[in-house]
Every structure is written in structure tokens, then in C-alpha cells.
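Letters A, B, C, D, E and F name the chains as they come in the text, with residue numbers starting at 1 for each one.
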Amino acid sequence: MLCMLLKNTENNMNKKIINPEDATNIVKNSIVKRRSKDSRLKLFGRVAIGLAVCFLLFLFYSIFTKGYPGFFQYYVTLDINFDRERIDPKGDLSDNSLFDGDASAIVNESLFFIIEPKGRKEKKLAKKIVSSGKDVRIAKMVKDDPGLFGTVTKVKFALDDDIDSFLRGYIKRETPESERRISDKVIGFIDKLNEEGRISYEFSDYILSGSASGNPEMAGIKGAFIGSILTLSVCLLIAFPLGVATAVYLEEIAKKNRITEIIEVNINNLAAVPSVVFGIMGLAIFISIFGMPRSIPLVGGMVLALMTLPTIIISSRAAIRAVPPSVRDAAYGIGASKLQVIFHHVIPLAMPGMLTGTIIGMAQALGETAPLLMIGMVAFIVDIPNSVVDPGTVLPVQIFMWADFAERMFIQKTSAAIIVLLGFLIAMNALAVYLRKKLERRW
Amino acid sequence: MFSFYLLTVILIISLLFFLLGYNRAKNLINSNKKNLHSLTHYYGIFCSLSALLPTLGVFFIFTICDDFIFAELIKEYIPDEVINSKDYNFTIVLAQINNSVEGLVFGTPPQWVTNAAEIWKSWVIKSNILTVIVCAITILTSGFLSYKKINSEFRSRNAVEKIVMTILAVSSVIAILTTIAIIFSVVFESIRFFALIPYDEFLFGTVWNPQFEGAERAGSGQEGLSQYGAIPLFAGTFLISIIALCVSVPIGLFSAIYLSEYASSKERAFFKPLLEVLAGIPTVVYGFFAALTVAPFLRSSGSMLGLDIASESALAAGLVMGIMIIPFISSLSDDVINAVPQSLRDAGYGLGSTKNETVMKIVLPAALPGVVASIILAVSRAVGETMIVVMAAGLAANLTANPLEAVTTVTSQIVTILVGDQEFESAKTLSAFALALTLIIITLGMNFYALHVVKKYREQYE
Amino acid sequence: MDNKHILSSFDDDLKKLNDNLLKLGNGALNNFDNCIINFGTQDLDEIEKVINGDIVLDELDDKVQKIGFEIIALRAPQAADLRRIIVALKIATIFERIGDYSRNISNRTKVLIDLKYSDLPGVNIGKMGQKTLTMIEDVIESYVNEDDKLAVKVRNSDVKIDKMHTQYYLEIVASMQRNKKLAPTGAHLLFIAKNIERVADYVTDIAEQVYFLVNGKVLSDLRPKADESSLIIPE
Amino acid sequence: MDNKHILSSFDDDLKKLNDNLLKLGNGALNNFDNCIINFGTQDLDEIEKVINGDIVLDELDDKVQKIGFEIIALRAPQAADLRRIIVALKIATIFERIGDYSRNISNRTKVLIDLKYSDLPGVNIGKMGQKTLTMIEDVIESYVNEDDKLAVKVRNSDVKIDKMHTQYYLEIVASMQRNKKLAPTGAHLLFIAKNIERVADYVTDIAEQVYFLVNGKVLSDLRPKADESSLIIPE
Amino acid sequence: MNSKKNDLKSLELTVGDVFSKNARLKARNVNVFYGENKAIDNVTIDIGSREVISFIGPSGCGKSTFLRCFNRMNDTIDSCVIQGEITIDEENIYDKKIDVVPLRARIGMVFQKPNPFPKSIYDNVAYGPRIHGLSENKEHLDNIVEESLKRAGLWQEVSDRLSSPGTGLSGGQQQRLCIARAIAVSPEVILMDEPCSALDPIATAKIEELIHELGNEYSIVIVTHSMQQAARVSKRTAYFHLGKLIEVGKTKEIFTRPKHNQTEAYISGKIG
Amino acid sequence: MNSKKNDLKSLELTVGDVFSKNARLKARNVNVFYGENKAIDNVTIDIGSREVISFIGPSGCGKSTFLRCFNRMNDTIDSCVIQGEITIDEENIYDKKIDVVPLRARIGMVFQKPNPFPKSIYDNVAYGPRIHGLSENKEHLDNIVEESLKRAGLWQEVSDRLSSPGTGLSGGQQQRLCIARAIAVSPEVILMDEPCSALDPIATAKIEELIHELGNEYSIVIVTHSMQQAARVSKRTAYFHLGKLIEVGKTKEIFTRPKHNQTEAYISGKIG
């Protein structure tokens, strides 16, 4: 084949360019090989995408399968005699009074009535079956509805996490007693409760309303969630105006000189600084030098704000740059001043881009963990923060902490918290996409 | 609360000045029967801003400074014997007094603390009164002066614009301040660290075994047990990054090529956001995934193959990190590939190229610098990544190239050292800052290079 | 010009061109009409008017040439527009020439008056002039209405004028042969007759231009010719 | 055309136009030259050649008109280019007309031969023809070299021809007055002389076009005129 | 062409009549530099009142640069330095005391690519009057908008959809909208920088027709790459080359008998 | 104009001679749809060998769409459906068996905006021969590159900097480079879609000159918005309107005496 072509072209060497017919033949002969190469590349692309999507699905699958049960837990239903004398000795429903009361004992009595433990040792074991939050629960119930006093009402109590794990089948009956966390006695109690139909598997009322707790069955994410919101609010309030102002200044006002160049390089570099370094800076500057308290959302928000600032600035600048110069020319040509051009045209047109950038920055901040560890938001805080200066933690840090705990139930709770966090993130990203779609203009 | 009320009042007054200025301009127009230089509301804004801004400045100076001044002044009221005592710490004392001021009392504080607190409280009242007076004077004079400035010649729009521009310019300085803060916070502690540990030992030492001095002292006097050779950390970081790249570069690149060149618009609209979801997942989730799903899985499948895989292996962390950075590569590459003008593709197709040839010979070469930059950015992301390695890579400072073993990284060491209570004097604590410094230098270097490449590449099309 | 150009100023320009051309055409028509009438009435004042009036036609022609040239330069006209302009330029020249002939006839009429000219037998300049005048009128009408059929008709009617001319030529030469005194008169009459024939000839040129204007192509069949005066050997 | 257009095909078109125009010009020159020579030599064959050769000139004129029209339509020429084309169109028409005159002269020469014409006293058609021929040559040269000075000179030299024509007119009429037999001969001679005068006149028109071509404006001073033949009352 | 025409030496001086009897804008010895680079070299020209003048010349000869001097749009380019004097009604527009904002309202501008604001048609036109406070009330503003759109020959086409976005119009309509927007602030002069280069022939013809009409009320300076366009719309034409103003004159004359060799060469397609 | 000319009814049929004696490309009853929207309506035309034919018509009339049918560039648009038959040398290019790659090698294309690859000048031209394997060795490739650049009239200007990037050339040079690139694969037909619309008059004139020369060796189809350009470069002209081919004919005739009313109206600036 090639021989023939060679001959053909030799004839045309004087013409230098191959003549069209020969060219057509050459192309036709090589086309099969070229086509197969083509399909190979396409295949590689498909495989790559497939792999990435598989990873993603696997990740979601594993989180969801682990986390879904985390939203549920086992409860035991007990008949509680709401004796005002014992629960609320001072009779004023005050915290002090309820604290002094003896709600736990009432619960235990009700429990003992069913499972009939014998002896101190058994009673001690039996007491542990119901989660230690029982008295708090009763206190809360009477506070909400003082009419309960004097009645005997069925109340549900969370079971201890070991019992929970047993019921879920993580702790096997077959395992020798010495190797499992609960004794045969306790299993007997549970069987009894089960026979009575008093054990139920229900949506956990702790996961969303509880806060950090050493008892896995009582641990919830409300505190972390509020902490996250507070932190993010601080972050947004600082980062958005600063970011937009900086972007506007750099793109529209600043003359190109050394200083603006330095600022630009600076911002680009800040975007690349690992997040943990921002934590170090927060630790060294805000806490050590300015003497601000540790663990508060204010500091966390400030650190995250500085961290997301480059993201916002860069995306805002991109948005501003995407505003066609022709619009500026048009406004200048009519006699608008620089600021009018900026505020009437550039910012409104760039706003969708700026907002999307900001939301994405916020989403990033929401999931950020390392810098907050540095400034001590990792502390074990039971109270739900009320303001930005109350100590608190945030969702991802909560996840990090729980992930370290040994109790089986924490794995599920962690996964559940992750689901909530991801839901939150997806909502934010959806908002960003929606905004972009809604506000995006074609020009 | 006080500050909040004061701020509200200041804002209201400046609003009033807006109305004043606005009306004055209106009146001027009516009396002169001639248009002013600027639209009327600019006169209002001018008055309002010139009243508000200096007052806010004064306000913040007062509220920030008073605590410092009080802290200095209160020293007078601390008894000598307390100052002279062995474990005197001014910060703690100050905290005691502050707690007392705010009514948080744990047990019975010493008398002098209560006294100091009383004095402090009286200062606070005085300073509040002073603040109010000074703010009032400032807002009224500056507001009034600006009001007086308004006449038919005055160009309020230009004045307002100058003010706003200044505000904008000032905000852009924050970025610089942040950088300075970062450098400041890292460099000083690092210098102190290198005063304790020679830098060559840090840079070239092969054993990383930091101990708190306190622990050292308590721990049966094994002097010199602490070792700060950072090589294992770098090696670990490097190992994990390499694994991550091995996962993410091919997947990311091929995805990008597929999405931008082969996929139909529907496919693209579906898969691209899906890939970007990977980037949106918080790292702590990846860490959790790596530690609780991937690592056990690797371990069990490893043992089936007769391999001994550590429960916290570099492989698990690297794999998961690789997944995490897929979208950094795919998205960025997709962007740069898309930025290659359609006209170049048309040119290619017009000449009779297959898709493969168009991609490989025209599009990719044109986008190559951008692709490389995206990879470098991904690397710097990997190097700086913290949570995955903290949760999945372990803390064992092994110097090994075996991905099946546990390794530790720079970032995970920083976190472990700095989380919790620190002794700021200890070499261990300080070592975290030195590590951070090296981390910054490395990531910035890569970033710098990548951005440079990207910029050069952009200029080609602009 | 049934529909307008988007650029109204182009239409304005074309209109200006056309107006001037028609003015020129009507001027030429008038002058010719007058010079023929004057030939009969021998009114010296009127004759002078025709002679002096020719300068107006010259100016109009210059104007049309200038306008047409500028339109071509400034507006790059195409197709029918371009034909219109080129045709206008050519027709204008012809009208100007017709004007020239009117003046020449008038000049010669003046001389004939001096020579105490009275009609020669068999020669009716007035009739020949009238016929030619009708041709001019028709050709102008054909231009205005873009009526190529009329134009072709006009063109074909030139034969009659040619024949008439040949006949008059013979008659005049015959008169001169009969009476040598008539030589000066005859010479001028010959030229007057010839001039009218030339005018009719030019009218056919205009008619051909009108045909080109309408159809975009040249009227190709050979024009019937019947002026044989240059071939004539009078007996 | 000292420098080239970027579009060489434009230059090609212009060259084509110019070539045809020059061919036409030279053709007209030749024909005129021949018809004058033939008038002296009275060679019937040569005369026929001139008469039949005229159709070539007609065709060349059509060609020039067509090319010029197309160039204007397709290339939107500007400034000097446009002038060149418009001028070419006009000059071509004139050359064609000169050709016509040559034919007419030849026709009449044929008749004169039949009439056994021999020179009339005081009339030298050959001389007049030669002078006019020189004018044609000069005007072609002025066109080729874009020499407006030469063009003006040519234009001014028309006066001599006019004077000559007036003189010959008088002589011919005088001869006819003397001898009535000469009437047919005289009539043709009158027309031949007139035709030569017309040719010279046309040459001045060409000269004016050349001036316009070079300078972009019309030669405005009135042309000196000395043809008084139409004003003449021979004694 | 012929030896009488001015050659190299005369490059230094503009050929033709740069002055105008009732001049509105006067440029005197204007030089413009971009950094080191001289873009406009000693240009002097008058722009009369109610005249349409076009600037033509090869790419990069400085037409746009010079045009943008008239309303100080060059101020937005940092490296651009302007020497010489440009006056509008005898007032130096580069005077320190002059505020560019009202100046630009007096000297409107229309750009190469139609650039309506991404707002409604109404708001596009109303923007100028609003920022300059030209209207007393809504009704007055409505009037201004309507009148401007009418003058721009767009009213008929858009009167029933004033609140739909200006970017939704066709290219030619957009450009007319931009002209309406410029007219709305009652300028005295309108500068147009290749206003038709993004349009097809039909839209172009419409804009040209509009320019022709507006020429009765405003002074219009139009930069164009199309010599034919210059020929069609303007009464005067200025030819630039390498930053110099080579020749100015009546359009008719420039296009039939330019005086300068270079103008001739450019106009008849010989430069290159 | 006059009543003889064909009116509305004749819109259905193309006026003039659509057939060509030595036709290379033949389109027969071609319809093109973008989704529901019919962009080309029953067009039949021949494109002769070694002829330059131009497509003119108002914006959106489907010139580009039709042009891109010839090398199946429309394949890249999903919604585009083509009916009818287009053959090159009697071979139906929309045949299932036909691979577009060799087809596009035979039918080169030059685009509106010059789009050189961001590679060296040499590599730009060598790209086509390389991917198609047209050259046996380096020397041969050098020859092809040189010859193509020479034919594109660019050799002189770039022969001393073949390795500098093609994007560094001026717009007009870039467009000539694109033409050289198209020539290098020895096409039989070259399609050009408004190849000069991004260029200034001088660069445009150079490209037109080039097209004129290339017309002796290739069949060239050129879409243009500029009627003058069509008049200058092509021997035949086709006028499109609303997706229909209204008239085809010799350029000389189209521009001096078009047969169809609409052609006349468009050419003389009367549509609108």
C-alpha cells in the first residue's frame, strides 16, 4: 500500500503538495486505526467517571447505612407515678427543686416492678438499663405539663447504649459472657421487658435536640448545630462585606501598581494556605495576643472568615470581571461617575456570582474542622450556646470528637450527624445553584 | 449592651444628618432656581457619612482601648505579696478580677480582688460616660461641619465618592493584615523553636519523637528522649500525597476530558455537579470514612491476600484523599479545557481530525499549562489536608515507603500537638509552629508556581 | 423606483438626479420645439432665446454628470440603481447635444432669415421637426414610465425621419443645382435637415438607453437605418 | 496607475478596460487616418475597408461600456479609479463616434469618386484631416500619459480646425455659387469638412475628459470656438 | 498619481480645510500617548455644529483614540496622556475645573458593539436622565424616554414592550436603543465608534438612515472602517494614518478627488 | 421594478441556473432543520470545480447553515437534521458509510474568526498532514508546509520565523495561516464562512486577493455579508432569503441585472 503511495507521491514531489486524490486515499486507509484510538479514549473517560461516581455512591452508601440507624434508638416504656412530693419537693417547679427531687428513684421503682431484680447487685445492674437521662426527662415533662402530677402515665425512656447495641445485634448472645459488655442477667431483664412489650425501636428524640454527652444514647447535635450557625453567621457578616469591598476595590478602582499587585498575590496565596494554619493564626493572634476566650463561635467565625475571605474575593472578582466592559463603557459614556458605574451596574450584575461564591465559601467554612480544633472549639461543652461569646462547638468538630469515641453507638450517631451536616451542605449548594440559575443574566 | 445602645443612637443621629443635608440641598435648589452640582441625596449621604465615620472610629478606639488601659492601671491594686509570689501570672489574676467584675464568683475570692473589681467597675462607668461625651461631640461637630459645607458650589457626589472609595481601599488591606498575622504568628514561635532545636536537626533528622518537657521531667529523667527530625513527617506527607495523586490524576483528567469533549450536554449537566459533590464533602467526613470504612476494608482484604496492612495505613488515607481531590483536578481541568476556544476545535474538526486527535493534539496542549496547574494545586491541597490524615493516617512517625504501614504527616502532627492544653515554652508546642512554617512555605511555593503558569496560559487567549 | 431604499438620502440623491435629468430633457425638448417653430415664424427674438437658453442645458448636463458621478462614488449603487445612473449620465449628454443642435438650427435659421429664405419645393423642415419632436416627447415619456415598448417604438420610427432626410437632401441639392444662388441657403438648409436627422438619431440612442435601463441588457437587433444621404449620388 | 491595487483582479479589470479603450482609440485613429488618405488616393478598396472596419469600433465601444459598467457594479471604484472608468466610458463613446465620422467621410468619398471629384480651389481636406489626425494622436498620448497639459494644448488647437472649416465652408459654397453643377459635390464636401470639424470637436471633448481624469475637476474656462460656419452669410 | 500631488513632506501637514465656520468642538494640536507610544500626532480639526463627520483610516491609525478624546473616555485608561487643547463651545474640556461627568452627558457616545444595560428598555433610556436628575417627575421621564426612542426610530418597534429587557432586542435594535439612550440626556455631540461593525447590512442601513436624520440636530462624529459608510452618511470626512490627520474635506471631494496621495491610495484600495 | 419580473409565486423556485457543467459538489433538495425550525428549505445547487461562488443574504437566512452542510460540520450540533442529498464527485456525503474525517480532509474550512492553533506557525500548517499521515518524511513535510504557506501568500512574511507562535501574527496574517493550514491537507473544496468579517479593509483586501488566486486551483464557497466582497471575489453568486435559495447566477449578472425582485431589493439596499 505504502509503496504504491510512495510512487504516487514521488511523481508529485515536484508539485510538493500531494494531489487531492492521493490524499483522499491515504486518509481513507488510516481511518480505522484512528477511529479505534478514538473509542479507546472515550472508554477511559467513561471508566474514570464511573469510578468517581462509584466512590461517591459508596461513600454515601456507607455513611447512610451507618447513619440511618443513628436516628433511631431503643426505648423502654414504664408506668410512672408522678408524685409531686418526690419529684418537686419545693413545689415551685424550679430547677433547684427538681434537682433535689428523686425522679430517678421513681423510674427505677417502676422498672424494678416489672423485671423484679433480686439483691443489690442485680438492682445495680438493672438501674443501668435505663439511660441516666431519665430524671432530666421527667423534670422536663412536668415542667411542660404540670397537670401530670398525681397521674400514672406511660413514659418512654432511652435504653443504655450497651443494651441498645445488644438489641441491634451488635452484641451477640452467643458470645461468652466474659467477652461481652453486658451480663447474662441483664439479657434476662431485657428479655423480660421484651416479653412485656415494653421495648420499642423509635425515632431518637436525643439526636436532634440533645447536645454533647458522655452517654451515647443521650448525645445529640443540637448544640453543635447552633454553634455552627452562630459561627457561620459571624463568618458571613465579616467575610461577605469585606470580600465584596476588596474585590470591587481591586477590580474597579485600584490602579495597577506595586501595592495592588502585592494585595493580589497575597490573596491568591491566602487561598492556598492550609486551613490548619489559619487555626494556628487564630490561636496565636486572637487567643494569645488579644486574649479572647477559647472555644467561642466569635473567634471561630473570625478565623473562618479570614479563611473564606480569599474564596469570596476571588469569586467576586471573577464575577466582576465577567461583567462586560461594554456595560461600563455605556455608563461612562452617558456620564455616570465611577461609583455610579460600580453601584448601579457592576455590583448588581456581579451579585449572582458574588453570592454563589459566598455560599460556596460558607459551605467550605461549615465543613471546616482543623482550624476550629486549634482554637479550642473541640472542648466538651454540654450547654447549648446562646450567643457568639458562649463556648460552643460546631458540627464537624462534633463529628470528629464522636468519631474518636469507642462506644459502638457513637459510630451511628456520628454517621447521623454527618448526614445532617451533608444535608445542610447540600441545601447550601442547592441554594447556590438556584441563585445562579435564577439571577444569572445573559448579556 | 451599653455599646449596642450607643451604636444605635449614633446610627440614628447620622440618619438625622442625612435628612438635614438632603433638605438643605432641596432648599438651595428652590432658592437659587438652579440645579446643584449633584443630585440631592448625595448631599444627605455626605452629611450622614461624615458624621458617622469619625464617630464610629472614636467609639471603637474607646471600647477597644479601655480594657487594655484598665489592665495596666489595675496593676497598682494588686498587692505586692501576690506579685512577688512564685507562681504569679498576670493573666490569671486579671481573669480573676474580670470574673469578679462580671459577678462570676467561685468560692470566696481574696479581698483585694473584690476591691480591684469595684475599682474596675467604677472605671467602666467613667469610661462609658466619657465615651458618650466624646462620641456626642464628634458626631455633632463633624456632622455640623459637613452640613455647613453644603452650598451651591459644593460637589457632594465627588466627596461621597472619595469617602466610599477610601472605605473600599481600607477593606482590601485586610488581606494583607491576615497574611502578616499568619507570618507573624508562625515565624516568631518558629524562631523560638529553632533557638531550642537546630534547624538542621529539624530538617534532616530522621526521628520524630516530641515530648512535653513536663512529661520529660516527670518521666524518669530520660533526657534527650525528645527528637525533632521532621523527615518522617515529610516522607509521610509525600507518600500519602503520591498515593492520592495516583488515584486522582488519571480519574480526574480522564473525567475532565470525557466531560468536556465526549459527553452530551445532558451527561455533562448530570456528572459535573456530581463530581463536584466530592469537593463539597467536609474533610472530616472523609476522615471518618477512611478510618471506619476504608481502613478496615483494606485490612481485611489485605489479610485475605496475605498482606499485613496496618489499621491506620498510608494507603487508606491516600486513597480517600485521592477521591477527595478528584474534583479539584477534574473541575479545574475541565474549566481550562473548556476555556480553549471552540474555534480551535472547529479548526481541528474542519481539517478532519477525529475527536481523539482534536483533544490530544489541539485541546490538551493548549490547555496543558492549566492542567498542570490544576494538578499542582491539587498537590498543595493534599499536602495541607489535615482531617483525613489525622483520622486515618495515624501518629506513628515511621520513615517508610510502604503504603501499607501507618505514617504520620506534618498537618496531623500540628493538630495533635496543638489541640488541648499547651505549654507555650515547650519545644514540643513550638515544633508545631515550625512545622506550620515549613508547610506554608511548601504550599505557597507550589501555589505560586501554579498561579504563575495559569496566568501565563490565560494571557494566550486574552 | 417603486420601493424605497432604506437610506432615504440615497432616494433623495436619485430623485435629484432624476429631477435634473427631466429638467434637462424638457429643456432640450422645449428648445427643439422652439427652434422648429422659429424656423417657421422666423421670429428673431425667439431665436435668440433658444440660442441663449442652451447654456442652461449645458449647465444642467454638467449638474447631472456631477450628481451621477457623486452617487456612484458615494453610494456604490447596484443593479437597477446603477443602470439608472449610468443611463442618466448618457441620456443627459444626449439631451445636451440635442440642445446643441437646436442652437445650431437656430443660428442657421438666423442666417436664412438674412438670406431671405423662403421654402424650397419639396422641403418641409417644419414637418420633419414636428415628427422628431414627437419622438423626443415619446422617448421622455418612455424614460419616465420605464416603458421599454414605447422606447422600441420610438427607436423604430427613426426610419421615417431618415427617409425624410434623404428625400429633403435630394430636393435641396436639386434646388441648388437648379439655381446656383441658392447655394448658401441650400448649404444651411442641408445642415438644418441633417441636424434634425441627427436629433432623431440621438433620440433612438436615448430609446436604447431606456431599453437597457428597464431590461439590463442592450437592445441588440440592428437598428433599421434609412438615412442614405451620405450615399446619394443625385442625378 | 503608478501603484497597484491590493486586489490584482481589480487591476486586471482596469487593464482590460484600458486596453480595449486604447484599441478603440487606435482603431478610430487608424480609420480616420485611412479615410483621410483615401480621400486623397481615392482607392475604393481601402475605402470599403474603413467602412466595414467601423463595426469593430462599435463592438469595442460596447465592450468598453460593458466592462466599465461591470467594474462599477462589482468593485465600487473610488476617486481616481472611478474617474478613470467614467472617463473611459465617455471617451469610448467619442471614439466610436469618430469612427462613425470616418465611415461617413468614406461613404461620401465614394460618392465623390463617382462624381469625379477633383479638388476645389482653396479647399484642402487632406490638410484639415492631417491636422485633426495630429490632434487625435496627441489626445490619445495625453490620455495614456495622463498629461493634462498636452490635453489642454490639444483642446486649444481646435481653434485652427474651426477656422479652417469656416474658410473651407466659404470656399465650397463659393464654388457652388460659381458652378451649379458642383452642387452635389459641394454638398458632400461640405459634410466632409463639417465631419472633420466635428471630429476635432470631439477630440477637444476627449481632452477635457483627460483633464478631468487627471485633476478630478472639469476644465472650466470656456473653450475657444472659431467655427462660425453656422453663422456665416456668404456674400 | 501625478507629480503635483503632495508627497512625503506634506505628511506633516493636514491637507484640506480643518476649520469650520460654526465649529462646536475644536481640537488644537492634540497629541495622545499610550505610555511611550504616540497614538495621535498633532491633530487639529474643527467639528461643526449639526454636521456629520466621519473618521476613516487603516486599523490602528488612532481614529478611536482621537474620538475618545472628545468626551475624555480615554481618562479610564491609565497609561493614556493627552496634550493639546480640545474645546467645546470655547471651553477647554481638559481644564482641571471641568468635571467629566456633565461633560460626558453633553457629548454622548455610541459604541462598536451594541451595549444596552441588562435592564428593561425603559430603564436603559431612563438611566441617563435619572443619574443626571434631568426629569422632575415620572411623567416627565416617560416623555423623555418616549421622545428619545422616537428620535432613534425605535418607538414603533418597542412601544408595547418597554419593560422587557433591552438585551432581548436584535443587534440593530440594540444599537438604536443605545442611540436613544445617548439622546435621552440631550447631548450636543454624539460620538460613534464603528457603530455598525457588529451589524448586518440591513441593520447597518437602518442605523445609517438614523444617523442621517440625527445629523440635522446633533453634531455627529462617526468612526468607521467602511469607506462606503463614511461616503454614505457624512458630509465631511477625515482620513487618519499612523496617528496623523492626513486629509479633511467634504465627503464628496474626498471620495471623488482626494488631494493627498495617501488618501487616494487608501480609498481606492491600494495601501498594503 | 417592472411587471415582467417574477413575484411571490416564484419564491418557490430558484431563479437562474443552479446547475453547473463540471459540478464538483451537488446539493439536491436539501432541507435543514434545527429541531422544529426549518433553516434551509429545499435548496438545489451545484458547485463547479475551480470556481469561486459566494453565498449572500440577510442575517439568519441560513447561509452558514447551508455552507456547513457541505463538510458535515453541522454534525456537531445535536438538534440539526439534514434531509436531501449532497454529493461530492457523485458520492453522497450523508451516506451512512461515509466517514466524516476523510470527508473533512477533502473539504477544507476557513472560519469567521481566524483560529490558528496556539502552536508554532510550522506546526499549524503541519498539523493536518501529520494527523492524516500525508507526509513520508520530515523533508516532505517541510515541502508541504512551505508550499502551502506560499500558496496562502504568507511565506514571504513568515519564512524566517516558522517556529514562532501562530497566535502572534496579525489578524489578517492569522487568517492566511488558517487558509494555508486548510490547503496543506490537499482539499478539493474550501468552504469559507465570512472569512474577512473580523478584519480591517486592508487585511480583507489581501484575503480577497488570495481567494481570487486560489480560485484557479480549488472550488471555493464563500459566505459573506458584504455584497461588495461577493462582487469582488466570486464568479457566481447565490442569494438566500429565509432559508430559500432565491437566485443564483453569474456575479456580473446578479449585480447588474438580477432577475428576482428580492435579489434586486437586497442588492440595492431596499429590504427592510
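Some notes on this structure:
Here is the rule we use: a residue touches a chain if its C-beta (ideal position, glycine included) is under 8 Å from a C-beta of that chain, and two chains touch if they have at least 3 such contacts.
Bear in mind the structure is a predicted one, so any value in this text is a computation, not a measurement.
Any chain that touches chain B and also touches chain C is listed here: E, F.
Judged by contacting C-beta pairs, the busier of the interfaces C-F and B-F is B-F.
Chain geometry summary: the mean Cα position of chain B and that of chain D are 96 Å apart.
Per-chain Cα centroids separate chain E from chain F by 35 Å. The distance from the centre of chain D to the centre of chain F, each centre being the mean of the chain's C-alpha atoms, comes to 49 Å.
Per-chain CA centroids place chain D at a distance of 51 Å from chain E. The multi-chain contact residues of chain F, meaning those touching 2 or more other chains, are 101-102, 105-106, 131-132, 185, 202, 205-206, 227-228, 255-256, 269, 271-272. For chain D, the set of residues that touch two or more other chains comprises 5-7, 10, 69, 73, 76, 78-79, 82. Multi-chain contact residues of chain A, defined as those touching 2 or more other chains: 27, 34-35, 337. Across the whole structure, chains are in contact as follows: A-B, A-E, A-F, B-E, B-F, C-D, C-E, C-F, D-E, D-F, E-F. For chain D in complex with chain E, the touching residues are 2-7, 10, 76-83, 146, 214-217.
Contacts from chain A toward chain F in the complex involve residues 6, 9, 13, 15-20, 22-24, 26-28, 30-31, 34-35. On chain A, the positions that touch chain B within their shared complex are 27, 34-35, 37-38, 40-42, 44-49, 51-53, 55-56, 59, 62-63, 66, 241-242, 245-246, 248-250, 253-254, 262-263, 265-281, 283-285, 288, 291, 306, 309-310, 313, 337-339, 363, 366-370, 373-374, 378, 396-397, 399-400, 403, 411, 414-415, 418, 421-422, 425-426, 429, 433.
By the touch criterion stated above, chain E contacts chain F in their complex at residues 58-59, 200-203, 205-206, 225-228, 269, 271-272. Partner chain F is touched in their complex by these residues of chain D: 5-10, 69-70, 73-76.
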